[in-house]
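Chain nomenclature is as follows: A, B, C and D, assigned in order of appearance, with residue numbering initiated at 1 for each chain independently.
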Amino acid sequence: MPALLWPGDDRAGDHLGDSQVVAAMLRVESAWLATLIDAGIAPAAAAADLGEQAGAVDPEALAVAAEAGGNPVIPLVRQLRERLAGTHPETARWLHRGLTSQDVLDTALVLGVRETTDAMLARMNAQVDSLAELAERHRADVAAGRTLTQHAVPVTFGLTAARWLYGVLEARDDLCDARDRLPVQIGGAAGTLAAPAELLRRSGVGGDALALARAAAERLDLPWAPPWHTVRAPLTRLADALTRAVDAWGQIAADVLVRARPEIAELAEPAGSGRGGSSTMPQKANPILSILVRRAALTAPGLAAQLHLAAADAVDERPDGAWHTEWMPLVQLARLGLTAADQTAELLAGLHVDTGRMARLVQATASGLLAEQRSLTALVEGPPEPDFDPAHYLGGTDALIDDIVRRARTADRTRSGGRR
Amino acid sequence: MPALLWPGDDRAGDHLGDSQVVAAMLRVESAWLATLIDAGIAPAAAAADLGEQAGAVDPEALAVAAEAGGNPVIPLVRQLRERLAGTHPETARWLHRGLTSQDVLDTALVLGVRETTDAMLARMNAQVDSLAELAERHRADVAAGRTLTQHAVPVTFGLTAARWLYGVLEARDDLCDARDRLPVQIGGAAGTLAAPAELLRRSGVGGDALALARAAAERLDLPWAPPWHTVRAPLTRLADALTRAVDAWGQIAADVLVRARPEIAELAEPAGSGRGGSSTMPQKANPILSILVRRAALTAPGLAAQLHLAAADAVDERPDGAWHTEWMPLVQLARLGLTAADQTAELLAGLHVDTGRMARLVQATASGLLAEQRSLTALVEGPPEPDFDPAHYLGGTDALIDDIVRRARTADRTRSGGRR
Amino acid sequence: MPALLWPGDDRAGDHLGDSQVVAAMLRVESAWLATLIDAGIAPAAAAADLGEQAGAVDPEALAVAAEAGGNPVIPLVRQLRERLAGTHPETARWLHRGLTSQDVLDTALVLGVRETTDAMLARMNAQVDSLAELAERHRADVAAGRTLTQHAVPVTFGLTAARWLYGVLEARDDLCDARDRLPVQIGGAAGTLAAPAELLRRSGVGGDALALARAAAERLDLPWAPPWHTVRAPLTRLADALTRAVDAWGQIAADVLVRARPEIAELAEPAGSGRGGSSTMPQKANPILSILVRRAALTAPGLAAQLHLAAADAVDERPDGAWHTEWMPLVQLARLGLTAADQTAELLAGLHVDTGRMARLVQATASGLLAEQRSLTALVEGPPEPDFDPAHYLGGTDALIDDIVRRARTADRTRSGGRR
Amino acid sequence: MPALLWPGDDRAGDHLGDSQVVAAMLRVESAWLATLIDAGIAPAAAAADLGEQAGAVDPEALAVAAEAGGNPVIPLVRQLRERLAGTHPETARWLHRGLTSQDVLDTALVLGVRETTDAMLARMNAQVDSLAELAERHRADVAAGRTLTQHAVPVTFGLTAARWLYGVLEARDDLCDARDRLPVQIGGAAGTLAAPAELLRRSGVGGDALALARAAAERLDLPWAPPWHTVRAPLTRLADALTRAVDAWGQIAADVLVRARPEIAELAEPAGSGRGGSSTMPQKANPILSILVRRAALTAPGLAAQLHLAAADAVDERPDGAWHTEWMPLVQLARLGLTAADQTAELLAGLHVDTGRMARLVQATASGLLAEQRSLTALVEGPPEPDFDPAHYLGGTDALIDDIVRRARTADRTRSGGRR
């Protein structure tokens, strides 16, 4: 799904692309069918590898057909039943029984978004490693602090890296949490599980519709939750956490863009083949990774807001438009997030840090950078310190770096790191 | 570009699809090359039909290559030069000379968006016809007015249609205006037209760089304007007008959705083959056109806001991310708008109006609908009017319908209607 | 701070009003001053009750003076020093030493938002009680389920209440979590704690600047965190959780608004004195609580997006505008949230549920409501069941209600309930 | 209405403050009452100066009372009737007859927003003057052009000023247009003008309800339009144009913020007394006007989107929440816009331009700035030009400045300039 007007989108690979969504919908239908068979509702003859049908489904045709009912599940089920009627009549007969479109699409999107999130978490782990190393390597490399665009007091580049790291750590925690709370959606037509219960009753099997839903959840390795047809917290929580991650990368990109300006030139992006070029100016080396990450940062908040709006406008047992507004911003936010995660990881792994340039600026502007320090000298009596070195006005910099890097190093890597 | 998770998107056809954007970029490069040849800067041998190259360009590969420079123009120019080097060396040599990436992409998007807007205006003209007819046909069909969800005073369904029409007319005017103000973008590397001027000087032709830009604009049938690399008003104006149109359709859809509820059942969508069905409930006839239009209405404001944010964050002679955030929301807003325009036109052309149902409700609730009227009776002395008919409490309804329909009928149809 | 154009805002009382923010800023300065004295940096004579100064501060004058430096802390400190110079010279001398404006304002907003959140949580606990009761009381009261505005399969009103409850529970968890993670902000001019460290050094006291910050945090009963001048996750997390709560209430309000329509009339708002009236129609009883809650639901997503945008645009050690954009949306979101929390609590406590009306609709539409059930009958062989009762097609409704109510009843009430 | 957390808000004075809105509502009621008297519906004895009542209305009490009906008009009318009952019984009797709350509030907001827009346009005229002067004064002052943060080709600062001017001119045109299209709102309870028509009928006066509405519009010096209770185009058009203006100022602020960085130092803000200071760093001179303008630029798009959302969600003859969401973002957008207009005018009037610094940078980086020029040299045969001066690579700069300044000078100043 590379998109001409969305540079870098190919970094997101097939994640949540149309084919992947079809495959995920088939996975959901398969899991449910297997659950029906297991429970003794559907006959063993209904068993079939629906995944094999994936190739036969044309996403474009499905997309066109999706309009009539408002979602792609309806034509998918119809197509599958038609295809299977001849060879697998029992499969055709039992397919999708007990579910509603929203069950299939919501769960498929949850599966897709969870995979995308895992890929993102893997990039975040790489970012954390790069940042912890930058923080430690440059812990004593003094640079001018800047507030409201003007020079403030001295900092070190290591502290800047630690500050970036802090943002990524905060975001990673929330993203892991939101990821783990993405549940299966199985509620049937109006969230009562009436059809599954009816199937149990009429087939004489007996038992509990909720147990059926829980069994399907287990097959899909998803936590169970009550039907959330109109309780969209699982999605807004994930979208918020994704946006928080993009925010953290946006902050990194903004800093790189300022400090890569030729008049400052303290940071430079890793050179890639042909990267940063212009169509007309041969001398150009534009910080294009940061530019594209910043693009994501300016875009993500609006996408997440769209998901909240959909949640806030939910009505009835399935809403009249709000649900339909969720799909595109969710997919775009996830893909844009993964792209930005990957670009940021690459940026940080190869970031050029010109500590000499930083040091020269500190020397040249030492008087301003130490204005606060001198005002404190006036406050606390004592001899003047005319040759005070900016490198001695760093306060808790070292301890702050230690604190943040320690958090990075002691975080449970298996939690997010093992994925992907 | 049908998208699985964007039902109805195929109604927008190829508009602003990747191939169309490539074709538009080639059109811009062609117009500029022809201008250079015309001016005597480039030799006649540089002439070539770049449009023929369209087939050779792989949008997916271009999309991947676009990341390095941040936009697709850079790899497109490189590819074209490589392809043409053997057969059309002068074309390869003169291609894109004097332009910058932003000139090509902005102008290509302007061309694409203008075409999409024209298609939308054609649908709006159809809507206007349907609505004027509905307003007149139902001018005297009394219905309960509703405010804050509760019954208010009587209206007629004709007035409701006129109100909808009013919104469409307001939007159409703004959209025509914004459409006509979409200018060519030709500024060169930093908006100074330095390269075109240099080409004029060194080729000994002399003359004026602005005249060159104006000539290219004329070839593309676009108005000229000073380079707007960081003055994004043309795009925000168009996006705002598009959104205003979607707002108008959203209002129509919201009314249909309320009045198509089975407990009210005053309106119904035109039946389409298989339309409005459910994956599990055979009795369902969901008002799916309105639902998808409402989806657009809830989505458009955020997309337009993104374009304003990009405009507000513009910096330098070309911004570091803000420009790059414009492309996707612009394309999505235009395609979503065209889809919603088409769906609304279909909805209005076939809307079922149950005037009997409306009348029965008015009868049943006449006392409440006339409470205001009775309070005025108390105010202005005179005999009580016990059997007052709600149909006599319609005030200026007729005159308002006339006023709005007259505007619809006397609008300059050639302005927007002749397009597409 | 009641605002004419924000009906219901007085429900938020003084929360985050200008005077409260001034008081919170004084509390922060006081805590820091006490910390300096405790540490032996400032002399005991610097001790003063800054809270007493609150009355002397004119918020309007402060607001005007805030423009010069871009925030209200700068003129507040200046005013306090001037006022205290005569009577408390040591207080005047030591006030604010070691802090920067952002430390004071961020921490003050954290204190204010935390209190507002606690007030909101108290309302949510009341909502949870009302909803659990509604869910149990109406667990068997059958009603028509509705999807995409049309009748679907039967539900019970108890399940609807449980679904609302589920949304509130999800939101409450996130809000408690985000509330507890709001940290103190103490970083000094550029987040290095250089000034506190310098004060320790020059006063000969020795020790650790971070320890000083932690001590101040403890005084304010806030968790410590590294300076988050440009890591805005604590605020976006809170804003997201607030919005998630408003989403949950918006869903409730949307349902009430549909079902309070006179043609449906299954639900009605509690009557308040003069509530729901019109300026001209005497018969009106508008569902005004739900309308105002819905207003909040349509508004909150944009406010939270603004906080994310500020986070994403953070640059340097303090950003050039992004920080300044946070304050108003944060305050508005918190106040609007508290207003909506209170309105929803009132709405739920007095909601009129017309179960007779629901039952009559179910009877009248039983055939449609059971269309799915009949299609399953066809699927699983067995005798037809002509007089099947919609009340027998409720699937896991009871178990779902139990599951959600159990969660409500077993939640740690002391966590959020003990507050306020 | 200075707000502690909205620095600079006092620049917006009383515009759209609570008292002003009350005064505007009284103006609307007065105009309508006078129209009723003029028409012979109400007796001459109903005449009264409602403006005199303004002092007696307590906006805070009104705000609290506004919740019951959802808007402040209902309690205002009640209060006025109670106050006037004794002294002006006929006024009390006839007040508000024929109107609905929305008529009064919408028209009052239109009056308030129009005044605020006029004040904004006056600032824009001043900006235009400053910018035209800057463009001409610095037309030949060469500076480095910057794209994607890196040096591009030479520009002049005069062209930068002309580019800013271009944005302001585009915005001013749209704002004038939107301002002039703000209509009166008179529709009665459901937009039919039933009550005015009934008053005409029963009072035996006869005549036309629309004529009555037009007469009231004339009294208020507003254009008439059909009732736009749910057609919100007039407000979204105004909000869009306001945002377009803020976008233009945001672009200016962003450029100043980059070029005021100490490493670049090409521009500086006018010094104001105490402006730009810090609470702890005595050396600081922060570009605070630009920071606050940038704050507005990052905030406005979300506010305008809120108005579009309200328009898109309009339903029935008066919507159930969407209308209520408009008021605060509209007021905030208008006040924030006026503040930013004023700040930008001040910034531009006193902007320090360091042309020497610009020139030195051009000298130091001439080789890079001329890389494109050299590549054209290679294209068009001819002798190399080793000492080519960047000042000779400015293309159409002069002509572009002329074009834009001419537009500024020939614009119809009376249109917007005469106001305020």
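By definition in this document, a contact is a pair of C-beta atoms (placed from the backbone, for glycine too) under 8 Å apart; a residue touches a chain by one contact, two chains touch by 3 or more.
In this text the structure is predicted, and so the values were computed from the model without any measurement.
For chain D, the chain whose average C-alpha position is most distant is A.
Here B-D and C-D are compared, and the pair linked by more C-beta contacts is B-D. Separation between the centroids of chain B and chain D, computed from CA atoms only, is 25 Å.
Centre-to-centre, using mean CA coordinates, chain A is 37 Å away from chain D. Rounded to whole angstrom units, the spacing between the C-alpha centres of chain C and chain D is 31. Of all residues in chain A, those touching 2 or more other chains are 70, 147-149, 152-153, 188-189, 195, 257-258, 278, 280-281, 286-288, 291, 297-298, 302, 305-306, 309, 313, 320, 372, listed in ascending order. On chain A, the positions that touch chain C within their shared complex are 70, 93-94, 97, 145-149, 152-155, 159, 162-163, 166-167, 170-171, 174, 188-199, 202-203, 208-210, 213, 226-228, 230-234, 236-237, 240, 243-244, 246-248, 250-251, 254-255, 258, 297-298, 300-302, 304-306, 308-309, 311-320, 372-373, 376-377, 379-380, 382, 393-397, 399-400, 403-404.
In the complex of the two chains, the chain C residues touching chain D come out as 2-11, 18, 21-22, 59-60, 62-64, 66-74, 77, 96, 99-101, 104, 188-189, 195, 253, 257, 272-281, 286-288, 290-295, 297-299, 302-303, 305-306, 309-310, 313, 320-322, 324-325, 327-329, 331-332.
Residues 147-153, 257-258, 260-264, 278, 280-288, 291, 309, 361, 365, 367-368, 371-372, 374-375 of chain B touch chain C in their complex.
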